[in-house]
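Here it is, the structure in full.
Labels A, B and C are assigned to the chains in the order they are written; within every chain, residues are numbered from 1.
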Amino acid sequence: MKRIGSVLFLILGLWYVPAVAQTQGSDKEWQEALAAAKKEGKVVVAGSPDPVMRNAVIPKFTERYGIPIEFIAGRSSQIVSRVQTERSSGIYNVDVFLAGPDTTANELYGDKLIDPLKPLLILPDVVDGSNWKDGKVWFLDPEERFVVRPFSSVASLLFINTEHVKPEELRSIKDLLNPKWRGKISTEDPTTTGAGANMAARLYNQVGEEFVKNLYIDQKPVRTRDRRQMSDWLARGTQPICLNCREDDVRPLIKDGFRILEIFELDGVPGTINGSPWLLSVANRAPHPKAAQVFANWILSKEGLGIYARGYGSATARIDIDESYLKSGNIPKRGVKYFDDTAWQWIVTGRREYREKAWKVLKVK
Amino acid sequence: MKPTAVAVPSSKFTFRLRPIRLAEFLALALLIVAMGLPLFFLLVGSFNLAPPGKAAVYGVNNWVNAFTDPGTLGALWMSFLLSVVRLIPAMILSVLVAWLIARTDMPGGRTVESFCWIAYFVPDFPLTLAWILLLDPSFGFLNTAAKGLPFIDVPLFNPYSFWGIVWVHTSTSGIWFKVMLLVPVFRRLGASLEEAARVAGANTATMLRRITLPVLAPMILAVSVLSFIRGLQSFNTELLLGTPAGIYVYSTRIYDYLQREPRAYGEATALGSVFLLVLGILLFFYWKYLSGDKKFTVVTGQGYSTLRVKLGKWRYAALGGCLLYIAVMMILPLLFLVIGSFMRRYGFFGIAAPFTLAHWQNLFSDPIFFVALKNSLIIASVTALGGILLYSVIAYLLVSRRTVTKPWLESLCWIPHVLPGILLSLGVLWLFLSTPLRTLLYGTVWGIALALILADSPVTTQAFKAGLLQLGADLEEAARVSGASWAYTYRRILLPLLAPIAAAVGLMNFGSALTSISTPVLLYSHQSRPLAILLLEYSFTGELERAAALGLLITVIIGAMMIAGRKLGLRLAGSS
Amino acid sequence: MSQAVLEFREVSKRFNSLNAVDRVSFSIQAGEIFTLLGPSGCGKTTTLRLIAGLEEPDDGEILINGKPVAAPRRGLVLAPDKRQLGMVFQSYAIWPHLTVFENIAFPLRVRRETDGVIRRRVHEALDSVGLAGFSERGATQLSGGQQQRVALARALVYAPALLLLDEPLSNLDAKLREQMRLEIRALQKKLSLTILYVTHDQAEAMTLSDRIAVVNGGRFEQVGTPAEVYEKPATFFVGEFLGRMVSLDGTIIKSGADLWIHVAVADVRLVVRGDPAKTFQAGERVRLICRPEDIEILSAGEIQQNQLPAQIEQVAYLGDRFEYQVRVAGVSFIVAAAKKHRYDAGTAVRLSIDPGRLNIRSA
C-alpha cells in the first residue's frame, strides 16, 4: 500500500510540474511501460563497480518500482568483451549500459550493440527540455538518438597537498616544470591506456609536445597503476602533486583533515569539462526492454540523477539538481569556453591521435 | 581350509576396449574439449585482425605487433630474471622445510605445515600493501626504525626495486605453495631408502643429497616448473612495486593489451604463447630425462614410514628457523593487514580516530555479501570434489604404463597453468557458449566451478601423479588379481591410499576456488558472483580496507576448512 | 592327459625393441609346482604378469583351464579380475590402510560372499598360514615374514585356479626362507594347489618344484624336472645357471655309434650316450659339456672310458676332499677328488668323463 502510495505521489508530483497538456498521453504510456516492466521482473544493468550504484541507486530504484536491478560490474572493456561473446552465441543478457565514453562510442555505438534511446524517453520530467541546461536531453552521438550524456562538470587538472606545495607556486601549467617538483609528481602510468595516457594526450593537444616531454620525462614523475597508491602518496606528501587522482578518492582524505586542494585551471591550459562517470545507452535486443526503458527514464529523472550526482560528486546537465554540495570549481561557468574531453569527435579519433603522439614522445609504441 | 572346487575364469570375454582404455579415451576427449579447444579458440583468435565484434580478417599482424614492441623483450628478460632469482633460494628452502616437517623429529612440524597452508591463501594484493607500509623509503616502519640506529641516515629498504619485488614475493608466494606440495611427497617416501643410506655410512647431508633428493627429483622438478611459470605470470606485486621504479614485466604487458581499448586479445595471446613455448621446452626435458615411471617407483607396500631422522639438539634450532621465517615473512605483514582492516584509512595512523569497525560492518551489511558467500562455498566445494575425482583418474592414467596417449594427456593438463588466467577464462567462455549445455554452464556457479576445476589441473594432476608413482603399482595389481574390477580397486584401494593427497589437493583447490579472480571474472553473473569478485570490486573502487577485511575473512574460511579437511583426510587414510 | 591348468601357445611380449617373452609355449598340469627360473630381466616376471593379465601379450594365446584368457589375434584379453587367480607379489603388496582380516577378506568381498562365509574362510586361511589370532592387526604392524604369510593367505583364500608366486621369499632371511619353502610345499600338497613360482634362486627352484623352466632372454631354454634340467642341461646357459659347468671344444673325426673326437692336442674316442636323434658329421666342430662332479681323476694304470690327458695346476685341501684346478687343452676347471690320492701341482694326469653324463652339442 505504501509503495503504491509513493508511486502515486511521484506521478502526481510529475503531473503537476510543467506542460500539463502533454502529460496525459505520456502518463498513460509510462503506466503501461511500468506495468510491462514489472511483468519482465528485473532489469540488468552493466557498469563499472561503483559504490554509489550499489549502495544508493539500486536500493532506491527497487524501492520505488519494485523491480530488482541485477548489476553486472566490471571494467568497461571486460563487460563489452563478455557481451560481444555472449551475443555471438545468441545470448542477450544486458538491458542498460552505464559505460565510459571510449567504450560507449567505439564499441557499444560503433559495433551497434545499442538501440536508439530517444524514442524510449517518455517520463515528462525527462523529456521536458526546460529541465536541462541545454534546453534538451544531451545526446552525444552524431544522430543524437543513441547515447545520453547526463553529466558535465569541470574536470580537475591536478591535486596538490598544500602542506608541501603552496598554491602560489603553481599558477601556470609551466610551473610544474620547476626542478623543485622533480620526482614529486605522481601520474597514472601514461604508457598504457587509461587516465594517465588521456591526460598526456590532453596536455599534448593543449600545451604541446615539448611540455609533455619535459613533464613526463625530465621531471621524473612517479608512475603507478593503482588509484589508491596515488591518493596515499598525495596525502603523505611523498608525491604532493597528483595528476590523475580522483575526486571521490580524495574526498575522504579532505574529511580526515589532509590539506588537499583540487586545481581545475592553470594559466596556459584551458579548463576542461567531461561527462564522467558514465554515458547512458540501452542494449538492442534487450531481454527486458520495458524495464530498461523504466530504468533509463528514472536514472535521468531528477531523483535518479540527483542520487548519482550527489554520490559521485559531479555536475549534471539538468538544471533542477542541487549543486550546492559541489565545489564551485566543479560547476561549469556560463560563458566560459571549455575544452570538452567527452566530445564525440575527440573520443572517436582526436584523443587516440594525440595519445599516439604522446606515446611517441614517451617512446612507447 | 578345505580344498574347494577350483575356480575357473569366467567365460565372459571382455574385448580390447576395456574400461581402462575407455577411461583413457574419455579423459583424452574431455581434456581436448576442455583444455585444447579454449587454447585453439585463442590461437585462432590471435590471428584475427578485425576489432572485436567485426567480421574476422586473418593475418599475422597481432603477433608482429606484440613482438616488435620495443618493451616486450626487455619485459620478458626482466620476468625471467625475477622468476629465477626468487625461485632458486625459495626452492632450496622449501625442500629443506618440507623435509624437516615430514622426515625429522623437529617439534611442531604440523603447525609449521598448517601455517604454510594458511599463508598461501592470504591474498597477495593487500599483503603487498602491507610491505609497502613496512618498507617505503619515506614512511616505512622498518626504515623509520632503522634511522634510530647509529650510522644509518639513508633509508635501508626500498620496495620499489628489483630486490624489493623479490623480497615481497618471498612473502606472498615464497615457500608456502612449494612446502604444501612437497610435504605429502616426503611423507610417502619409503623410510627404508633413507635408512639404507644411513647404514651405508652416509651422514644426513649426504643422504639428502644422494638418496632423498634424487628419488624425489621428479616431484621437485615439477614443483619448480609450476613455481617458475607461476612466477613469470605473477602480476599484482610487479604492478604495485615495479611501475614506480620503471620495472615492467611480461605479465603487465599482457595485462596492458587486455585493458587496452579496444581490447587486443590477439596481441595478448601472442605474448601468452611464450609461456606455451617455455612449457614445451620444460616438458621436453622432463620426458627426456625423467620419463621412466618405474625408475622412481618407491615401493611402500611395507607401510608408511614412521621413522624419522633424529636431529638431536638441532631440532629446536630447525624449528626456530622455520618460525623466524614465518614470523618475518607472514606474521609481520599479516598483522598489518589485520590492523589495516580496522583502520579508517589503511596505514594512516596519524589521522584523528584512526581505528574503526566500519569496514567489517559494511562488509557484513552488504546484501551481496551473503549471496556471494553462499556462491563461493558451493563453487569451492564442487571444485574440490570434482578436481579430486577427475584428476586422480587422469593422474592414474598418466602413471599407468599402458596408457598410449600419455604425452597428449600430460601436455593438455599443463595448458591451464601456462595461459594467463584471463585468457583461459576467455577461452572457457567461448567454449561454454559453443556447447548446448550453455544455459547450465554460463553464468552459473556450476560453470564457474567447472572452469576452476580446469584451471586446477596442473597442480592437482602433478600431486596425484607423485603420490601414485610412490605408491607403486603392486598394491593396485594385487587387488586386480584378487578379482576386483578397476572401479572397485579405485574405490577401495587407490582412493583410500591417496586420501592424504586427495585431502590436501581438495583443500588447495577449495582455497584457490575461493581466491581466484581471473577465472570467474568473465563467467559470473549477478546470481553467481563469488566472494573473490566482490573483493575485486572493492579494490577496483579503492575500498581497500573493506577488501582487506574480506580477504582476511576468506583466509579464515580456508583455515577452518583446512582443519576439518585434515581430520577427514587422516581418517580416510586410516592412520592415527 | 588331463586338462592343463595353464597353457601358453607361442606367446610373445615386446617392450619397445626388447623381446621380453619370445614365442613361449608350455603348460602346467593341475597340482604341480611349476617354476620359472632365470636371472633378473630374463622375462620370467613378465611371463607371470602375462598370466595374471597385468600385461597383454603381443602375440600367441594363453589359456587357463582350457579357456583362452588372452589371444591378441582375436582381440581377446580378459581383465585380471576375471581370471580367478591368486598372486603373491615380491613386495607382498599388503594394503596398508586395511587390517589383516580385511586384506585377506578382500577377494571374498569382491566376490560378494556373505559375512559368515568371509569370516570362516579368512580364519581358515589365517590358520593354514599359521597366523591365527592376527586378524585385527594393522597390516603395517607385521614383520616381513608375517606380511608374506598374509599375502599368501590372501592369494589362497578363494581357492584360485592357479597361484602365482613372484619371488615370494626373496625379502626374507635365509632361515625363514627355508622354513617358508617347506610350508609352501606342505600347503600345496594339503590343498592340491597348482602353483606357478618365479624365482632366481636355483636352490629354491630345485627343492620346491615339480618342474622347472629355465628362462633366458625371453625364451624357455629348457623345461623339465629338477633332475632333468640339472643332469641334462639342454644349453650351456641352463647348465651354468644351475651349477658349475665344464666345456671343451673339439672336432668330430669319425661319426658312428661312438664318436671319435679330436680335442685340442689329442685324438680321443668318446662314448656319448643318449640323444640318438642327433647325428654328427665328420669334421663338424662340437662342444663337450659336463659337470665337474662327473669327471674323475684316474689313478695310475686305471682304465676308463672317455679318457683325457690333463695337467694339475693348483691343489686345495678342503678337509673332506681335495679340489684340483686342472687344465685340458687350454681350458682350466675345478675337479674334486677323494683324499686317497694326492697329486702335486704340475703332475700330468688322465681324466675320465662319465659317458652317461656327457653332453655334446654343435658348436
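As a working rule, contacts are C-beta pairs under 8 Å (C-beta built on N, C-alpha and C of every residue); 3 or more make two chains touch, one makes a residue touch a chain.
These numbers were taken from a predicted model, which means no experiment stands behind them.
If each chain is drawn as a node and touching chains are joined, the picture is a simple open line. With centres computed from Cα atoms alone, the innermost chain of the structure is B. For the pair subunit A and subunit B, the distance between mean C-alpha positions equals 39 Å.
Separation between the centroids of subunit A and subunit C, computed from CA atoms only, is 89 Å.
The distance from the centre of subunit B to the centre of subunit C, each centre being the mean of the chain's C-alpha atoms, comes to 52 Å. The part of subunit B that touches subunit A in the complex is made up of residues 51-54, 65, 68-71, 136, 138-139, 239-240, 243-244, 246, 252, 256, 258-263, 265, 344-345, 347-348, 351-352, 366, 368, 426, 429-430, 433-434, 438, 442-443, 521-522, 525-527, 536-537, 539-544. Only residues 1-16, 18-19, 299-304, 402, 472, 474-475, 477-486, 488-489, 492-493, 496-497, 499, 573-575 of subunit B touch subunit C when the two sit together in their complex. The touching residues of subunit C, counted against subunit B in their complex, run 30, 52-54, 56, 64-65, 67, 69, 75-87, 89-98, 106-107, 110-111, 121, 124-125, 127-128, 139-140, 144, 147, 151, 154-161, 164, 190-192, 194. Chain contact summary for the complex, subunit A toward subunit B: residues 44, 48-51, 54, 70-78, 80-82, 84-86, 88-89, 91, 93, 102-103, 106-107, 111, 113, 189, 192-194, 222-229, 231-232, 235-236, 238, 246, 248-249, 252-253, 256-258, 363-365.
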